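Multiple structures are listed underneath, in structure tokens.
In the two assemblies presented below, subunit A is common to both, partnered first by subunit B and then by subunit C.
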Partner chain A sequence: MEGYFIAIAISVLVYLLMASGLALQYGFTGLVNFGHVGFFAIGSYASALLALKGVPVPVSLAAAALLAALAAYPIGIIALRLGGDYLAIVTLGFSEAVRMTLQTEEWLTRGMHGLPGIPRLFAGWVEPRYIDLCILLLLVVVCVAVFFAIHQIIKSPFGRVIEAIRDNEVAVRALGKNPAQFKTRSLMIGAGIAGLAGGLQAHYLTFISPEQYVPLITFYIWIAIVLGGVGSLRGVVMGTVLLVGFLEGSRFLRDIFTGISEVQLASVRIWIIGMALICVVLYRPQGLFGKSAERKH
Partner chain B sequence: MALLSVTDITARFGGFKALSSVSLEVGEGELVGLIGTNGAGKSTLFSVATGYIPAGSGSVVFRGEDITELAVHQRVRRGLARTFQVPREFSQMTVFDNMMVAARDQRGEKLANLLFARGAIREEEERLAQRVREVLAFLNLARVTDELAGKLSGGQKKLLEIGRLLMLEPSCIMLDEPFAGVNPVLIGQLCERIVELNRRGIAVLIIEHNLAELARLVPRLYAMDRGQVIASGTPEAVLADAGVREAYMGGVI
Partner chain C sequence: MRQPYDLSRRGFLISGTAAATLGALQAPVLAQEKVFRLGALNSITGIGGPYGPYMLEAIKIAVNEVNEAGGAAGRKFQLFAEDDQTKPEAAVLAVKKLVEINKVEAVVGIWPSSVGLATMPITNDANVITMNTCGAPEMLTENKKGLAWMFQASNAIFGNAFAEVARQRGFKRPAVMAFNNSTFVGQANYFKNAWESGGGKVEAFVIYEPNQSSYRTELARVLATKPDVISLSAYRPDATIILKEWFQTGQDCKFIMPGWTANEDLVKALGKEATEGLISISNVAADKHEAYKRFAAAFRKVAKREPDIFAAQSYDMVITLALALEAAGPQADVAGVNGKIRSVTGVGGTRVNGFAEGRDLLRKGEKVDYEGASSRLDFGKHGETVPDFGVSDIRDGKLVLKETIPGKLPA
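Here is the complex of A and B:
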């Protein structure tokens, strides 16, 4: 039971890390990134492959974040010159292209067979039975650090500009600033965080395969931040904890409602999430924990 | 030499010729008006001069430099700034932050500086905040410093837009219908501020429908009709011009 709780908590924190990146991109810059999972996948595979080649895990994790951020650069260059809707299409296409590449380039990724035997975090450092707990603690530390960093960014002059871009991009240009430059950076930071999350998850699971990186993951994160409130970090945290906690935790529902089948229960879970999303958008568009967009100084 | 010279500009929207061979000049520190009926091409001319719409042919020269091919933000950085007919305030941000965003080349806009130059950023923020308060006081907006910009009245939004331009320390500002939708009391105040800015050496080019106000404000006018400049000179001369009277009043008066 305790082990299961740790597993859920790790899952929540990995999603939370990804959600923080998307919050910076969408919540604070207004970038509609529908391909977040692509950067997550790049981070996973980069860190896993490097570690399998003998690179120390801390180094491979840093490389994963860097590589995911760099992957966002060309997308910034290409797509940010276009309107918001095009970015959504381009990023969604990008993440699917990443997944297809992982599936087909078997010489590198072993394709659908997946990558087994990825070195675990802390392996050899601590006793095996404490490893999960250590990973959990590491994730807590990383999440706190990332949220602190994002908080610093959004209340800085840089954050003021991306907020202005979300509000009125034409006016930002009229003030002599090049929105594409700021949007590219925001996209790269968010992608780097997703890459880091991917790397951490790979070294926790020790096995990854392309079907883990379907667009559904991206949309779970979208649902989480919309539920919680896109424009506030607190909303992002609460939304993610609620959604992922519910997704993972609702497996217990079967122990309570013994009459229904596994398939029926799965449908009920999705139904509940869908209803919650509709209700929030209708009755509380700023999110459950979102405040009005007012900015204090 | 003129500060801003627009020469032989042509602009097309599909088959429609919005501007045909338009030329216009604004001298250093000059205050110039631009009038014309709806659809005459005034705002299009602004957009071409500031880079929002590419010029089909012709050139835009600012401070002796050909800026015809430059992007919007690059022109602004050279000192040529504009407002919009419909105000484009950052509605979800406070008036104070609207102003703070505008200042150019802030250290804190560079992410590396957030790590390594925190002290310098803090100093810069204090200096900018001081300047923001001065400009807001100058524009009589001090009372609404902490309001969301989206909640301001139409006239206050126009003032705020001018305020943001002032943070850029431009040498030429182009105002697109600054008096439209502004109540008469505020119009007087707005005129006064524009004259004061001009006195400080900023060249101003104003598009305006309100001929009476404009004629009182500017010493020199251009009149446009159907994509062409049809008259220029002192307000008296332009308003007396037969072509202008024809365009505006259909020859009735």
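Here is the complex of A and C:
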């Protein structure tokens, strides 16, 4: 019983990590990143491949975050000189390119066969039945640390500049700051966090394949932060918990209403999310927990 | 910024929801008795969408058959179904729910190898029997506890059979085209290995990305090598486009395809002319076995169409499990039931075609050999099936069985 809730909590926290990266990029810097899952995938594969080669898991996780952050650098260089919509296209293209590479470079990634037998986190350190609980605790620690870090970043001078870029890039330019540099850094930090999330998930699932890294994941994250409210860390947390909680919780709907078939529920689930999104945008455009549109400061 | 709304729309929504809820509540509730808790983990949404819902339908047909016959060893099946979205991480959560909350003793209907591989550590830890249609060879090595049963022939066996057919039909210059997923790429690789180990050369080897509106580029690369036959590992949507584009080129060439793609549905989509002479390979069994005929009739009633091979396999999973449960007796635990799976399908017993028939014999103390709706179901040492293959040609829009070749693992 509790094992299942631990599994859901792990799922929520992995999404939450990814969402926090995107919140930094979109919520605070205004970067429309439609390729978040690409960095997640890079992190997953980097950490999994290194660990399979015998590198200790903590080291491979660090490498995953670093590699994902580095992968964001060239995108920053090329794309951040472009306006918001172009960045969306470039990043979406990037994440698809990553997925295609994972599919085709069989010598490295085994292509569509995926990577089975990835070492589990904490394997050999604790009893097998406590591994999931330990992974959960680790994720809680990581999430708290990441949120604290993002909180500090936002309050720092750097944070004020990126928020200014989001609100009025021309004004920032007029003040003699170079927006591209700040945007690149924000993109890299967010990508690094996504990479770390990817690595953690790989060592939890123990099996990954390129089909896991479809753009749908990116858009789930987007739905989560739009629901919760962009530009607010509390909103990110609530949005993610609501979305993943709903996706999983809806499984129990059928235990109550036994007449709904799994086939119908699969569609109903997506319908409800779509409706919720439309309603939020219509009636509460700043998100459930976001600050109101007229910003106070 | 308040949005105007009119009351009638809201009223409609409320009454609609209420009606839906009422309808849902009218479902029958299982009486309290000793049940066997059965999980169905199907790919309802995602890439498996064209197959998963029908697999679930087939599972329900089999569950009803068993329950109407009074259950297995006095235990009725209680079904818990989940969607794995054809994604490993969603499958992990779904299977955890089935195992931990619903306390299922077996999970059937797992379709893609990615889901099979991701869920196996969990089901193994929980001592749960799993039955799947996965074709990845890793399934056999990861099946460490012997709790997993593969109802679909592995890629290796399929690829081998394709090469065997190409050779028997006297083709000299084969080419390979395959959909990029683990099953089909595996199949393509085994075809290449089997052909080349027989001293031939594969003229072109092209793996294509799914979900394209046109496959002209990939097709041109293959056709440029002037192959006399193409081993096309595809699903129906992409096969339809590829064959249409090939037909438009007018180049002479034959195709060898898996039976779940090359069938009457494909003819319906493409017409008789473009599909004339396609070679279709599928598990024998199917239309010859009594079990298939009965299952197909029941399936047509609910689904209004012919069952595909995955649906037939899903049906077999439940019937096999029920027979094993009957053979193991009412007090048996999961390991006991699992231990009987081989004995109710293996050679040496009296051939049976359905649950009730097998149960009656088992109660008399006889041995049975369930001949399934999907294949004769004799499991190898890693839990894999090695079916015989039926080779059919499509002639004038109809599948015509030409010969049968024994399935075998590559040397």
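In the analysis below, the second predicted complex is superposed on the first by the 292 of 297 C-alpha atoms of A that agree within 3 Å, B and C clash if a C-alpha of one lies under 4 Å from a C-alpha of the other, contacts with A are read in each partner's own complex, and residues count from 1 in each chain.
We adopt the following convention: a residue touches a chain if its C-beta (ideal position, glycine included) is under 8 Å from a C-beta of that chain, and two chains touch if they have at least 3 such contacts.
This is a predicted model, so every value here is computed, not measured.
Enquirer: Who does A:158 touch here: subunit B (first), subunit C (second), both, or neither?
Expert: A:158: touches subunit B, not subunit C.
Enquirer: Given the touch rule stated above, what does A:178 touch, subunit B (first), subunit C (second), both, or neither?
Expert: first
Enquirer: After the superposition on A, what does A:113 contact: first (subunit B), second (subunit C), both or neither?
Expert: After superposition on chain A, A:113 lies in contact with subunit C alone.
Enquirer: Identify which of subunit B and subunit C touches the larger number of residues of subunit A.
Expert: The partner making contact with more of subunit A's residues is C.
Enquirer: Regarding the shared-chain residue A:205, is it in contact with subunit B (first), subunit C (second), both, or neither?
Expert: Second partner only.
Enquirer: Quick one: is A:170 in contact with subunit B, with subunit C, with both, or with neither? Answer first, second, both or neither.
Expert: first
Enquirer: Please name which positions on subunit B make contact with subunit A in the complex.
Expert: Touch residues, subunit B against subunit A: 50, 52, 71-74, 76-77, 81-84, 88-94, 96-98, 100-102, 104, 106-111, 114, 121, 125, 148, 164, 167-168.
Enquirer: Over in the complex, which subunit A residues touch subunit C? Could you list them?
Expert: Subunit A reaches subunit C through residues 1-4, 7-8, 11, 100, 103-104, 111-114, 116-117, 128, 201, 205-209, 211-212, 248, 251, 254, 257-263, 265-267, 270, 282-283.
Enquirer: Applying the document's contact rule, which stretches of subunit A touch subunit B when the two form their complex?
Expert: Interface residues on subunit A, with respect to subunit B: 152-153, 156-158, 160-161, 163-164, 166-168, 170-178, 182, 185, 189, 293-295, 297.
Enquirer: Show which residues of subunit C lie in contact with subunit A when the two form their complex.
Expert: Per the touch definition, subunit C meets subunit A at residues 3, 21, 23-29, 40, 42, 44-45, 47, 53, 56, 81-83, 85-89, 92-94, 96-97, 99-101, 113-114, 117-118, 121, 125, 136, 138, 142, 180-182, 185-186, 207, 209.
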